[in-house]
Each structure stands twice: as C-alpha cells, then as structure tokens.
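Quick one: this structure, given as structure tokens, is what I'll be asking you about.
Naming follows writing order (A, B, C and D), and every chain is counted from residue 1.
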Amino acid sequence: MSTARFRGIVPPIVTPLTADGQVDVPSLERLTHHLVTHGVHGIFVLGSTGEVAYLTDEQRRLAVTTVVAAVGGRVPVMAGVIELTTARVVEQVRMVVEAGVDAVVATAPVYAINDAAEIEDHFRSIAAASDVPVFAYDIPVRVKVKLGHDLLVRLGTEGVLAGVKDSSGDDVGFRRLVAANAAAGSPLALFTGHEVVVDGMLLLGADGVVPGLGNVDAAGYARLWDLAQAGDWAGARREQDRLAALFEIVFQAAGRSGDAAGVGSFKAAVALQGLIDAPTMAFPVRALDGDVADRIEQIVREAGLLAAAPTA
Amino acid sequence: MSTARFRGIVPPIVTPLTADGQVDVPSLERLTHHLVTHGVHGIFVLGSTGEVAYLTDEQRRLAVTTVVAAVGGRVPVMAGVIELTTARVVEQVRMVVEAGVDAVVATAPVYAINDAAEIEDHFRSIAAASDVPVFAYDIPVRVKVKLGHDLLVRLGTEGVLAGVKDSSGDDVGFRRLVAANAAAGSPLALFTGHEVVVDGMLLLGADGVVPGLGNVDAAGYARLWDLAQAGDWAGARREQDRLAALFEIVFQAAGRSGDAAGVGSFKAAVALQGLIDAPTMAFPVRALDGDVADRIEQIVREAGLLAAAPTA
Amino acid sequence: MSTARFRGIVPPIVTPLTADGQVDVPSLERLTHHLVTHGVHGIFVLGSTGEVAYLTDEQRRLAVTTVVAAVGGRVPVMAGVIELTTARVVEQVRMVVEAGVDAVVATAPVYAINDAAEIEDHFRSIAAASDVPVFAYDIPVRVKVKLGHDLLVRLGTEGVLAGVKDSSGDDVGFRRLVAANAAAGSPLALFTGHEVVVDGMLLLGADGVVPGLGNVDAAGYARLWDLAQAGDWAGARREQDRLAALFEIVFQAAGRSGDAAGVGSFKAAVALQGLIDAPTMAFPVRALDGDVADRIEQIVREAGLLAAAPTA
Amino acid sequence: MSTARFRGIVPPIVTPLTADGQVDVPSLERLTHHLVTHGVHGIFVLGSTGEVAYLTDEQRRLAVTTVVAAVGGRVPVMAGVIELTTARVVEQVRMVVEAGVDAVVATAPVYAINDAAEIEDHFRSIAAASDVPVFAYDIPVRVKVKLGHDLLVRLGTEGVLAGVKDSSGDDVGFRRLVAANAAAGSPLALFTGHEVVVDGMLLLGADGVVPGLGNVDAAGYARLWDLAQAGDWAGARREQDRLAALFEIVFQAAGRSGDAAGVGSFKAAVALQGLIDAPTMAFPVRALDGDVADRIEQIVREAGLLAAAPTA
C-alpha cells in the first residue's frame, strides 16, 4: 500500500462504551459506517480520542477488529499503538496488524525520559516490527516531548516513517516540517490534529487532518477538504468557521479534566445524533453533567446537526 | 484615530546600535524610511524585536522619537510599553505618547504573579493613562501568561483595548479569538506575530501581521498582504513559502540564546542589505560568530535580497 | 500487615538485564541478597529505577517473582504498578499480588489528562483491587501531575492509601504533607525519593527513603538512617554529604537522556562492585560510553566502594 | 565589608502602602525597627515580598532610604535590584548604593531570553557597577531561568558574586550548590528563601534564610536559627513545625493570584499585629476579602502572635 493512500479526513474514532465500561460493538459499527458513508478518507482507531489509554489489551483488540470489519476495505484504517516504551508498543503493533489495519500511529516513549537518539531507535524498532506504514504521533501535551522536524524528515527519507500526525499546537513547527518535507521530496504524509485551523493548515500544505470533531460532523470536514482541494479558500474558511463554532462543545465543561471536556463532548454530541447509544466515558472519567450536556446539545443543534424540534 | 487604521503589515522594527551600545539614530532613520517606502502599513517600535527590554528609558525615548520623526505621519506608529507592572508601564505610556505615537502595545505584568482580574485592572489603568489606542501583547514565552480570548474581547467591547498582538504560538486560541471578536462586532484589530503562517492566519481572519522578518523583507510581506487581500491564496502561499525559507536565518545560531539567534539574525540580515550600519546586539547579548553570519548571508542571498556576487 | 512495617531505607532496585535485554535472574537475586544483608528495610521492585516502563508484562512478572523469592520474607517487598490508566494498573496489581508482594506503588494516570476527582477514583479502584496496602507515587517529572496533600491525607484517613512515595522535588509541598499527615493522626507512611536531602527530610519528619543510589551504597543509607533515628543529626549530615558526593555519578553523562544518565549510572556503579553482571540498559537506552564510565568508576572508588587498586 | 557578615535570618521586608498606593514611611520605619529588635541578622528591602516589581523608581528610592535610616547600621541591609536587563539593573544598583545599602540582590534578566554566557556577563557587569557585594537571586517561578551551581560557584570564586538567595524550590539543586561551594572554599554565602524547610536546609549547610514569613514572626525565626547554631536539631524542628503551621496563611486565598495570596497574607498578618497601619497591596493587586482575612487572623492567633481576646 502506497503512502499516497493516506490523505484527507481521517477522524480519530471515539470508542463507544456500555454502561459497565465494555466496548459497545454495535455502536462502534454504526459510527464507523456513518463516517465512511459521509465522506471521510480513513479511520484512525485507538487514538487519544478513542480513549486508548483507558482500554485493556482485550478491549483494544475488540475495538480495532470491529472497526476493520465495519470499514470493509472502503478506506484505510490507521491504529494507535500507544504504550509506555518500545517493547510494549511492538506488542501492540503485532496485535493491530493481525487485526488488519493499514498503518500504525506511535508516539515517542511515555513515562520514560529519553533523548532524540533513543527516540529515533524507538521508531526504527517499531517500523521493523511489521510491514505496515508507521506514522509518528507528535502530541507533547500527553507525551511531554516535541518531535523535531529534522528527525521526522530523516526517518521519512529512510523509509522508517510514512507520515506524521501533528497535535503539537505549534504552527510554526508544522510549517517548518512541511517545508523540510517538501525539500526532501515529500516522503512523509503530514496530518494536522487541530480541528479549527484546518483551512490554514491545508493552505500551507497539510496532506490530511485527524479531527476529533470529525466524529460529530464528518460531512462538514469532507466539504472543507473538497473546497480546499478545489482551491476555493474563501469557501473553505466559511466551512471552517462553522466547524469552529461547533468545536465550542469542548469548552463547555469548564473545570473538568481535559479528557472529560474534550472526548466527553465528542461522545455527547455523537450520542445526541444517535450514532452511538450512550456518551459513557472510560473509568475514572465521569459523565458530563446535565447543564453541560444541555449547552452541548444547543451548540450541536445550532450547527444544524439535530432536528429542529428539541429532543429533550 | 480610528482603530481601522491599524491593519496590514506592521514590522517590529529593530533598534540599531553603535559599537558602544547607543541607539544608532542615522541607521534607525534609514531603516524606518526603507520600511515605509517598501509598503508596510505601520511601524511597531520598542517591541521585543526592538530589544526594548535592554534599553534604558533614555534610549527608549530616543528610539521612539527617531521613528516618529522618520515616519512623518506616512503610516501609524505603535510603541511597546514593556515594563514590570502597571505603574511603570503607565510611565512608559506617557513618554511614548508625548513622543507622538499612534498606539501603545502592553503585555500583562512581568515578574509579578497576577490573576485574570488583576490583569484586567492592569489594562484598564493603562488605557486610562492616555488617549491613544491600547493593544494587548500576548507573548507567553516572555510573560508566562496566556491572555484569554474572553478577557480580550470583553475589554475590546468596552473600549479599553483596540487590538491584540498575538505571539502566543497557539493557533487554536487565535482562531477562537477571531471567532469571538467577530461575534462581538469586531471591536479588536487582531495581529499575528508569527512570520511563517501569515497566509493561514490571514485566511482565518487576522487583521494584520507584526513580522520580525519584515525588517529583512518588507516588500515580501507587503506582497503577501496584497495577494491575500485580493483573494489569491495560492499566490499568498507561494510568497509565504519564500518568506518561510528566509525565516530559517533564525535557526542558524544553534545553542545560542533566543534573543541572539532571533533578533541577532534579523539585525545581521538587515545590516547585510546596508539598511543599518552594524548588527550589534544590546549587552549582554554577544554578536553571532562568523560561521553563523555566513550561513545567514547565504540564506538572505538565496532569497534574492542581496546582489548576486558575494560581498564577502 | 500493618503500615508501620513500611519505614526506613527501601531502595528501588535496578533490574539487571542480559545482553539481549532479558531479565538477568542470577544478578537480580545477588543484588537483592546484597541489599537485604546490608541493612535496607525493604525492597521496591518495578519502580522507575527498575526500568518498569521498558519491561513487558512477562519481564515484570519475572522480576517481581525473583525479588520476592530472594528476599524470602526478611523485609517487605513493594512493587510498582506503573501503567497508563486504572484498568491497566489493576491488571498489574493482580499480577504482583499473586507474586507475593507486600504493597503496591501506583502513580496517577499517565498519558490520560485527568482531574483531581478522577485521580481520586483511580486510587480508590486500585485499593479495591487487592488486600495489600497502596502507596501513591508522586512523580510529576514523569506523570505531569502533582498530587495535592489534601487528597493524599484524605485517602490515607479513609484507608485507601497506606503511604506516599514523594519524588516531586517540592520540599515545601513535602513539609506541608508531613504536617497535614501528622494533624490527621499519621495515617500515611511518607517516603522521600530524593537521595541527597535525606538528612533534612528525616529531620522534618519523613518515615522512609526510596533512594535509587541505595542500590550503590545500601550500607551508607542504613547508617544515615540509624544516625537520624539516634538523633545524631550532625553525624547524619556527614554521612549524607558522603552520599551526595557519590550521587554525582548521575551527572556524568551530560547531554544524555535522564534515564541513561540516572539509571544508567546506578547500573554502572552496581556492576563495578560485581553485584550484577553488566550495566546493560533496556532498549532503546544506549550504554554509557567509556569516558563517562571511567568518571563514574572514579567517583565510586573515591566513595570507598571499590578496592584501592584500579580494576580496569 | 566581609561576606561573612551576611548570614542568619534576613527577612524580605514588605513595603507598607497608604490607601492611595504610596510608601507608608512611618509604618516601614516601625516594622524595620521591630524586626531588628526581635533578632534578625539583616534586612532585605525591595525583594519580591517587598513588591519591588510594582514600585516606581521614586517609590523604590523612598523605601530603601527609609529602611537604611531605620536600621541605622545595627544589621546589614541588602536591596533587590530587580529590573528587566543589565543596563536597567545597573541604574538600580547606583540608586540603592547611594542610599547606603550593604549588598545588592539581582536576578538573571527578565523578559529577555538569554543563555548562560549572557547571564554570566550580566552578573559581571552588575558587580563592576559598584563596590558592594552582589547576591544572585535564583527564582525561576518569576524569572523562568534556573541558575546552575557551576556558574554560581565560578562567579563566587572569581569574586563576582558574594552569595546566592535560592528561591528555586529545588532542594536537590541547593544541596549540590552547598557541596560545590564547600569544595571551592565556600566563597558564597548561601541563603534559602523557603520558610518551611529552614531546619533541613540549615542542617545541610545553608548560611542564612530570607523568609517572607519572617515579617510575621521574626522572633520565631531567630529562635530557629539559634537552636540550629547550637546543634539542637530536635528543638529547631519543633520551632520550624510551629512556623510551618503559621505559613498556612499563604494558602488561605485560594483562587487568588500568587502575589495576593502570598505577600497579601504577610501584610495582613503584620497589620494585625499593629506593625504596619494597613495591609494595602500595590495596584493592581486587590485586598484579601473578609473571609480570608478572618482565617488568617485565626492562624496568626493560634501561633500566639495576637492577644488572646479577639481584636475584631
């Protein structure tokens, strides 16, 4: 499979859970099907938005096999292999590759305190563990390390990395990465993880987007992508403005944890649309309370994603 | 003067220095004239790039009076009023207003440890100290505080703030600020301070740009602005790509301080073009060494800003 | 087993590895026996110093069963249960309890972004998973969260937590924890993880110490403990000064990663004494080079831990 | 004046203010006299606790001349010279030296982004500006830079620095600084700024203490010092425990800024004792509200610093 397959809108799919914290397979199938039929170009399972950190190995296996089956080859499936360090990541790689994913997405080591040379060896070892393409996941807010563009492009040129998912929030760094990658012949597919600056990031050269908010409005991101591809940047900005207003759902749970407010609001908005049965979060993250849920519902409704009449 | 005057390209002008560390007035006049005649829409004097933190009050006064006189009313002049806390900032406001500037740019308190309510009072007090518009300068890397968009838009709506210079590197925050400002009737003029994502930031709604690199290539930023205003976003991106390659000058002095590598490279590139006499930095920042200077010269030359034949 | 058993010197034992990265069981047995016979009051296996983050589940199981067997009940064995989030930590708890440990040591969730209420539920769930005492491991440099003393003392009072291992480097916070714990009737056993301020921390009320350097000089820490218990604080300081000089081994590998420089130097010093076969680090951490190893050897020799004649 | 004069308890004196924000000279004289007659070994004026960042140059001059006159040579007076960068710090040095202080205390540059070599030149230039001893003030929470012990000891050996005020909260770093200083022949007087670990820091070798809480209970810190000097470490710890309980005043204003909660509580407690007229804070820091003030009063009363009968 060529790296060129990896572009466009690739939402990090949420992992719907039952009331007792198990993977809700029918909901996951339903949401996967919805996303694929509404224009996304790939699915990213077991990402941070997928609550990968909270899932046991068995739950992870169930989530990834469910998504692969539900996608049925219509678009590529990328899987997060999020673990503390190399040997444990490699075990995850084997599991998700056996499940049939088309690419894996790995961070630098977590908890461990490593330098650039060690991180480089880490990615080399992950790449050597399977035949599927490896994306580096740059997310300093969770991993505490910012991946340098020189390291990334070098590993791209050598065939170790196929791409980068950038969730660093460092737009200057991303522009430099885009430029360095272009100068090297574009070995890497470069994805941004920031939902509200997609127009600008596509303009400056991103190859794709991994928007958590894409769970909530896949069609909106597909339109934004198409407008950008057509060079209609004013139109892209209008669609982005609409999506940015929708993104305000993640700021409603003031004072709650990042995972509760962020992933929690995505799950709430997806559940409101009936795409999953319930917005249950993984333990120990508690549900959003009624007042927050009401404000999220209002925002989702104003975005045109719910029927006009109040459902509550 | 209406806030609407404050838009477009407003470079934070460097402060040329003599060998003994005094303000080099003829060089500052020459550079000011060059910038104005090459299409900038305003000048920002006494910013971080202007080494304001290193200058005594007398040196600051000389710099601002020199720039105001050299501009001669052709474009607005904004002045940084960078001090530890409110009472000291207000003294700076009085000085630069007396010198004839059109707006002041103030950060949250420095060194002090204040909360949002105290920062709000700080800006109110600064606004009350003169009749000129006040811009908030959001630069967490130096001030350690990120200004919230709710605070900024509220102060804009009340007429306390006329605009924001965003050097926070938080693109999601900037997009949210743009959206909140638009929803409030656009009381604020919103400027980005990031040189290499100007195309994207203009697309998503920035009103202006304060590019340190604008000292080095004012005409390039003026072209980028005009292309964006004309809706030629592909053209804007091409110009931005060229400027992003030029921006690599700030990364040449690896291992040196942020001020040496950043402001130092701007001064070096401006001096190479003969726009100022020497790239001298304010004490205790040491000059860039010959090897770094050579690489900067090569980058500036490749950007087409020097004659073809080597000058060294 | 009463909490009162958990006090004194409890080194976080390194995990010796073979050349191909497997647990070196004979070396681990030898080192365990050495520590116990040189006066330590407990062993902490699978801590950060034990490279727990780098080990697979099978390797962890082998390490903990080896240590439990080698200790043979002479002192308590505490085991780290270091995983991303609650469900995965609970799996580790079951494994180490089955292996026979006397207490478990857990951090707040890693990679996940949780608030105080979620972290509290996390610890409650861990405590409910077994009958052994639970220690909270406060190590912001790896986990990014500082545990509040109010949370810790409340969980101590309720019987959820039996103690705290403080590796936060926040001496003011530790003093406040000591005071709050005393005011609550001392439900918690409070351990400091900082090797070079043990005299001061014991003076101000620490119940125990988890010194990585205790792998290298167990007898020294045992003496320091005994002097402090006897109220000979001047003597304690002299012993601490000697150990602080020995601790300089961790600063020899300048420019290397934290794990390479820290754990790497402990392993090097332990191997020099013949207590383990080799200083091999877990992948991807590379060995310390010869020059660094030489300086470490010199420091260890000056501390009187090697024979007078050079062994190299 | 020999560096040996600088040791013991040296409180960073608060700057009492009138209702309109001017220096309250009679209160400052009264507090100074109280501190000197209750056993302190020096006074530190214009420190962070003295709200130096908030004062204009004229206010600073008035504060320092008032303190120098009130002390009348009974103990040394140290003065903070807190400004953005070197040239501005040197202006402060000239002012306070003219006012008659015995030493100056300077941080690394603020707002500016400098490297170690530049910071070293900064301190050299400050030292060259006068004949009085220079102390380096290590306070990363305000300055963002941690001063390395190698830099500090080297500058001590060369006679540039006479001492260090450590407010870094890094106890391991302080122990290493103590050890490196001792190895170099103790050129530096080493002061800790942390009020609640004074027993431990004196045990491990601190030469003095700069306790903000010393404004509130100078006699307590003097007793703690005397007990430590006499080698009565158990007694020192008991006194420290009492002072640590008193220090809880700084944690009463939850949700307020660091300066409001910290300096505000010191001023409130000092005013309660009648040592200054009012707890007014410098603009824009607002007064602590009644509920917080009540809790502070209760804590101060429990520490035995107020008459038994309620004064309110």
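Assume contacts are C-beta pairs under 8 Å (C-beta built on N, C-alpha and C of every residue); 3 or more make two chains touch, one makes a residue touch a chain.
Small disclaimer: the values here were computed from a predicted structure and weren't measured.
Novice: Would the interface of chain C with chain D count as same or different, where same needs over half of all numbers used to appear in both copies?
Specialist: same
Novice: In terms of CA centroid distance, which chain is the most far removed from chain C?
Specialist: Relative to chain C, the chain with the farthest C-alpha centre is B.
Novice: Taking each chain's centre as its mean C-alpha position, how far apart are chain B and chain D in Å?
Specialist: So the centroids are 36 Å from each other.
Novice: Centre to centre, by mean C-alpha position, how many angstrom separate chain B and chain C?
Specialist: 49
Novice: Name the residues of chain B that each touch 2 or more other chains.
Specialist: Residues of chain B never touch two or more of the other chains.
Novice: Determine which chains touch and list them pairwise.
Specialist: Touching chain pairs, listed by label, come out as A-B, A-C, B-D, C-D.
Novice: In the complex formed with chain B, which residues of chain D make contact?
Specialist: 21, 48, 53-56, 59, 82-88, 91, 109-115, 117-119, 121-122, 125, 141-144, 255-260, 262, 282-286
Novice: Which positions of chain A touch chain B when the two form their complex?
Specialist: Spelled out, the residues of chain A in touch with chain B are 169-172, 175-176, 179, 194, 196-197, 199-201, 203-205, 231, 233-234, 236-237, 240-241, 244-245.
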